[in-house]
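Submitted below is the structure of interest, expressed as structure tokens.
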Amino acid sequence: MGRSVANPIEVGALAKALDAELLGDAGAVIRRVSSLDTAGEGDLSFFSDSKHRAAAVRAAGCVLLVRDADRDIVSGLRLIHPAPHLAFAQALELLFPAEKVIARVSPQASVDATAHVAGAQIDAFAFVGAHAKIGAGSRIHPHATIHCDAEMGNDCEVHSGAVIHPGVRLGDRCIVHSGAVIGADGFGFQPSKAGWRKVLQVGGVLIGNDVDVGANSTIDCGAIDDTVIGNGVKIDNQVQIAHNCHIGDHTAIAGCVGIAGSARIGKRCMLGGAVMVVGHLTICDDVVVSGGSLVASSIDTPGQYTGIFPITTHREWLHIAARLRRSGK
Amino acid sequence: MGRSVANPIEVGALAKALDAELLGDAGAVIRRVSSLDTAGEGDLSFFSDSKHRAAAVRAAGCVLLVRDADRDIVSGLRLIHPAPHLAFAQALELLFPAEKVIARVSPQASVDATAHVAGAQIDAFAFVGAHAKIGAGSRIHPHATIHCDAEMGNDCEVHSGAVIHPGVRLGDRCIVHSGAVIGADGFGFQPSKAGWRKVLQVGGVLIGNDVDVGANSTIDCGAIDDTVIGNGVKIDNQVQIAHNCHIGDHTAIAGCVGIAGSARIGKRCMLGGAVMVVGHLTICDDVVVSGGSLVASSIDTPGQYTGIFPITTHREWLHIAARLRRSGK
Amino acid sequence: MGRSVANPIEVGALAKALDAELLGDAGAVIRRVSSLDTAGEGDLSFFSDSKHRAAAVRAAGCVLLVRDADRDIVSGLRLIHPAPHLAFAQALELLFPAEKVIARVSPQASVDATAHVAGAQIDAFAFVGAHAKIGAGSRIHPHATIHCDAEMGNDCEVHSGAVIHPGVRLGDRCIVHSGAVIGADGFGFQPSKAGWRKVLQVGGVLIGNDVDVGANSTIDCGAIDDTVIGNGVKIDNQVQIAHNCHIGDHTAIAGCVGIAGSARIGKRCMLGGAVMVVGHLTICDDVVVSGGSLVASSIDTPGQYTGIFPITTHREWLHIAARLRRSGK
């Protein structure tokens, strides 16, 4: 399958840009990129994992980024590079240059007269409320909502259907993907005779630079103080971060993770998919939690942690579960 | 409670349409449908599961779809059919005929001049970008966003708040429910000294015919090649499908499921609610995974698989968990 | 950090409103609120949990709500109250008075001529369909969608990006947070030779008074009868409630919970984060389920229930999992 590039480049120029050694015709033009599995004649692809050796051999007609040690795996056009994976990612940036942000407000947008949007692109059906500030080079896509008093730095991107509530401040170069909601009320209630009574949530959300928030993820505003997301934090889709969490710099959070209120997660942590973190606990820096685990107490030693019921045939599971249940009596 | 029908039908005509035997007055008119639990006088209902025998007897005044073997369970109006459940579903289609799609673009929509929307209904506050293609008979509901270059076939429906990104292609008769996001960037980053560096996601999403995507579900675009969803795949709400997954034809995925990157799931599989599938693994055809299980390794034999910690009183759980923990020392 | 108040109040007036004893200068003005951890000079804060004693001492310059027994913990301005936590919540309502709803329809909204919106505020890019009814004092935020025939009572709030489908009825004082979808089709299909065949979902959603629905949560319409949410139910973010569930009054449901079809949950229950409830089962009143547990069978005795695999180092987990697997053979 692969994908046609937006900006075709001659192989010679690409080799130069990537600082790679070229074997073959410098005048050939890269018009498509593909994974090894689907690479056709002339497609740019890369080989860096010996597991894919057979696929590399099958993809003989492609332009292959390879390590020096693998230079003879095919005989066609090759670019020799010590880190083919990284070089390929760099090539993508040349072959698919970012769309230029055009500083203009669509006549179909709704932008309050007191909002600051100079240098930003505001698309059709984007809403920007009173006193909101959007930095230069930022783009607000169709159907994104930036509520009053929300702020973001330069070169941010807020995708369609995303909602940024009042009291949210984003740094520079943040990407908020479609449908993400930042700054909705935290889940704060007090029991009373008449039932649950809502506690006003008056804190904000403070987000650093270079943060990505995935599609349909949610980050609640703080109850009193702010919810805080550090620099370089990467958040995948459908992640829920409750009020007053603190997420340390450069932590990566995979899809479907839930983090309950006031949890503090360190720097450079990695939470696998669907990890759940109980509230009011602390995870230190450099912790890796395996996907599907529930973190119910604080972790103060870096390392990998896991807690997953092993999957098996339903018949065997019935045995295991029955035995476990007996051990609780 | 039940529901008033949009198109009242005489019982005689309904019996004919369903190829059912009628016991009772052919001129009675069906004005409401109900489950057995709430069926009132004259409501259409059905009885097919012996568990609900008492409810059927209580619902004596309704118009009951029943099997021949159960024909004497009530004495009122009955429609005898070998599969009452299926016949009831068929009756719903007659009693609640689909709203006709009206080929027109709302003056409150934003449709790019280069988009192809002939024969489609584009509602108020729908956005359709440059070169997007929407087949005849399709309906784009209020606040749906179809980005540039996205394509869909005929008779599709995209509900409010859903976002279809560039590079997404849907077949015919697909339904994308409210708030679903298709084609947002996959979660692709490379570690670097300055932190996580985004890897451009240039693949698309290729979706077959007759696919349903549930409310607030997300399907990411591929990193290089496409994410692929087969024909007849049914996806419930709040499901996350990461970049480069392949989902085989007619697989059904229940709510809150997460599927990590590059997983390949076979045909006719059924994933129960909240199942999590780890990335880069393969599940063969005809696998059933019980709700709440985590699939951490490939499955190559059809059958049912389970891995869930059995729930118990908190007190017993403390015993079981302590014993389990000791077994790890 | 803390937060500047919208409506500064003199401490003397606040003491009176809260029925608290004042120690110190009645003329001081509250301009900010903070948690104890971040409270600066003059900020209103509260101390009610002995765990935070050290923080209270450090926050010596703030205006502190304390119990009589703790009155000497600091020497500055104090408000003595038997329940500092509750009094603080009450103070928030004075310091951050709710924005007044202004009965008007934005010229940038799309409101059908047959809709009833008298006394409601309909913001820019809000959509209100034919015959929809919105009670007085309600506010429909930018980019919210209220489909035809949907109804809500007085003093409701529907936030940006939320979608209310036809057949949904909300009571008074409900809050639907951003991106929530209420009334999308339930996941109902029948197997056929040609694959899954959609069963029309014709039920509605019946929601009581004082219900909160969190950001990006989803509540499906019933298959035939309604899905029912009782009075005072509080639902956090990213919760999925499938067709025909019944949720009893005053039950609280934390983030990322999934409840499968036709489950019946009692009154005053509390479901922790990421709890999953299998379909067609019953949970009685006053049940607490610990976060991360899967409820796979009915619960008929009030109390706390848990079923979570204990997290541990990955190395220990390997031992535990291997031992568990052997016990299934």
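Side notes on the structure shown:
As written, the chain order gives the labels A, B and C, with residue 1 at the start of each chain.
Keep in mind that, in the parts below, contacts are C-beta pairs under 8 Å (C-beta built on N, C-alpha and C of every residue); 3 or more make two chains touch, one makes a residue touch a chain.
This is a predicted model, so every value here is computed, not measured.
Taken over every residue number at the interface, the positions common to subunit B and subunit C amount to under half, indicating a different-residue contact. In the Cα superposition of subunit A onto subunit C, the rotation angle, rounded to steps of 5, is 120 degrees. Separating the centre of subunit B from that of subunit C, both taken as means of CA atoms, is a distance of 26 Å.
Residue numbers of subunit C whose C-beta contacts span two or more other chains: 125, 143, 161, 179, 216, 238, 256, 308-310, 312, 317, 324. Taken together, the subunit A residues at the contact with subunit C in this complex read 110, 125, 127, 129, 143, 145, 147, 161, 163, 165, 167, 179, 181, 184-185, 187, 189-190, 194-200, 202-204, 206, 216, 218, 220, 223-226, 238, 240, 242, 256, 258, 260, 276, 278, 289-290, 293-297, 303-310, 312, 316-317, 319-320, 323-324. If you check the complex, the residues on subunit A that touch subunit B are 1-3, 33-35, 37-38, 85-86, 89, 92-93, 96, 108, 124-125, 142-143, 159-161, 175, 177-179, 210, 212, 214-216, 231-232, 234, 236-238, 249-250, 252, 254-256, 273-274, 291-292, 308-314, 317, 321, 324-325, 327-329.
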